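Below: one structure in structure tokens.
Naming follows writing order (A, B, C and D), and every chain is counted from residue 1.
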Amino acid sequence: MPDTQMPVMSAEDLTVFLEREFPQVHKDFAVEEVRDMGIRVRLVVQDRHLRPGGTVSGPSMFALADVAVYLGVLAMIGPKGLAVTTSCSLDFMRKPVANTDLIAECTLLKLGRVLAVGDVLLYSDGDDKPVARSTMTYSIPPER
Amino acid sequence: MPDTQMPVMSAEDLTVFLEREFPQVHKDFAVEEVRDMGIRVRLVVQDRHLRPGGTVSGPSMFALADVAVYLGVLAMIGPKGLAVTTSCSLDFMRKPVANTDLIAECTLLKLGRVLAVGDVLLYSDGDDKPVARSTMTYSIPPER
Amino acid sequence: MPDTQMPVMSAEDLTVFLEREFPQVHKDFAVEEVRDMGIRVRLVVQDRHLRPGGTVSGPSMFALADVAVYLGVLAMIGPKGLAVTTSCSLDFMRKPVANTDLIAECTLLKLGRVLAVGDVLLYSDGDDKPVARSTMTYSIPPER
Amino acid sequence: MPDTQMPVMSAEDLTVFLEREFPQVHKDFAVEEVRDMGIRVRLVVQDRHLRPGGTVSGPSMFALADVAVYLGVLAMIGPKGLAVTTSCSLDFMRKPVANTDLIAECTLLKLGRVLAVGDVLLYSDGDDKPVARSTMTYSIPPER
């Protein structure tokens, strides 16, 4: 459906990249699968991701959606640390299951020369109804 | 994936509803398929939908996405004319093919008691890369 | 507040541009004021902009917000016909007053080399509560 | 401009509420001013809010915008802990100044019986160009 391309980075490559570039958060996220124009990323839930009541907070959902599109883009274009989020929409649809990892299923709808657009559905692990959806637009820096 | 339900209105029912309630636009739209929590609607492109160059205009894309979610919600809950759009996001990703119908593939991600959320991908008829995506939130009026 | 710049096109310049480039819609819109990084545009309401009940339709609100940001950008950078909308968010907050022009008050929050972001509040003429708000992101083509 | 109302909670009231209901984050946020249909909230930047390079992270910007609209709504309707974010749009426009607090200026555009809409501009403290903008829609629970 979208621009057909094959990934140039594997889940392992992305994990190493995350560990090196974002040491403060890399343990929060686990890359589970890299597909053509898509990726699955897990938020390994810890106390600081939770609101009172034990459900994942809005900022943690934003962070997961954002990192999923970022890593989905890098998987396709290689490790360019400078891609930046320019806009985002988020819809919160259901309460996440308490104390449960969150799974992001990301599909890249566009991977252009300067802009990439990724759609994300967020699920509580083991549940098949999405708790939230998000679209993230990334600006890709020109080659140097 | 989402709230599992079966439609209560068919494509034919929706067509009759559209004709009766929105006589000024009903010829613009053709309901092609009604699914559980989803619908496909065609914009039958006419001159007034086009920009210079012959591609479908932004407002026509908005109109198609909006009507697709509206009809997708009605298909599930019955003909309640008062559902209103409360918010929407749209991303324009590719130039539509000139002088070509636009197809909306809509999936309802949430169908709650007071809010419904629908995702839409828009395609130029016959092309498999989406020209735009949209999320529409509808407020559902309480039963009277 | 935003990037401080002065307009290079006046309301009259923009009106001539609209008439030449968009003959099919230029009578729908009247440029009322051009400011530094801002513009006010009126939708001169006609039958085709209305829904049953006489209120301005969603697609017409989208069209007005979109044209306001487009003209606001052109006012600052000159007549470059190729700027395109890349993403948009819209919130519908109140029912417009029936059979009444709609006023768009647009503020450019960013006017970068490749991306511009404009915020718009839409009012029924003479009413001081916004009926809708919108943010539009425009991609600005590189100099040729 | 919007629904004219006066706040029923002061900056001090909101601070006490935040401390009691959200002990894990209340030190991150300082309520600086409550206005009719508006509020100013500061993100007291700490290491965990920063990305490599010392600029405030996207999730921290989301968190600040979200809490600003939440507290802006509570200021007007009183301490109802159950208001929830239903949708949000965010545009990232400039890089925040490194190691600097972020200021949210929030205006409530709508405060209805069931939905509230707030617009937020985010600034690096002392800078007059917004680093980001956001709109948050909150669902307000019915009276019990």
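Note that a contact is a pair of C-beta atoms (placed from the backbone, for glycine too) under 8 Å apart; a residue touches a chain by one contact, two chains touch by 3 or more.
All of these numbers come straight from a predicted model, not from anything done at the bench.
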Subject >> Chain of greatest Cα-centre distance to chain B >> reply: D
Original post:
Rounded to the nearest 5 degrees, what is the angle of the rotation relating the C-alpha atoms of chain A to those of chain B?
Top reply: 180
**OP:** Measure off the straight-line distance from the CA centroid of chain C to the CA centroid of chain D, and report it in whole Å.
**Re:** 27
Original post:
Between chain A and chain D, what is the gap in Å from one C-alpha centre to the other?
Top reply: 24
**OP:** Enumerate the residues of chain C that touch no fewer than two other chains.
**Re:** 86-87, 89, 91, 137
**OP:** Spell out the residues on chain C that touch chain B in their complex, using ranges where they run on.
**Re:** 21-22, 24, 48, 51-52, 57-60, 62-63, 66, 84-92
Original post:
Residues of chain B touching chain D in their complex?
Top reply: 86-87, 89, 114-115, 137, 139
Subject >> chain D residues touching chain C - in the complex, by the definition given at the top >> reply: 1-3, 89, 91, 93-94, 109-110, 112, 117, 119, 121, 128-130, 133, 135, 137
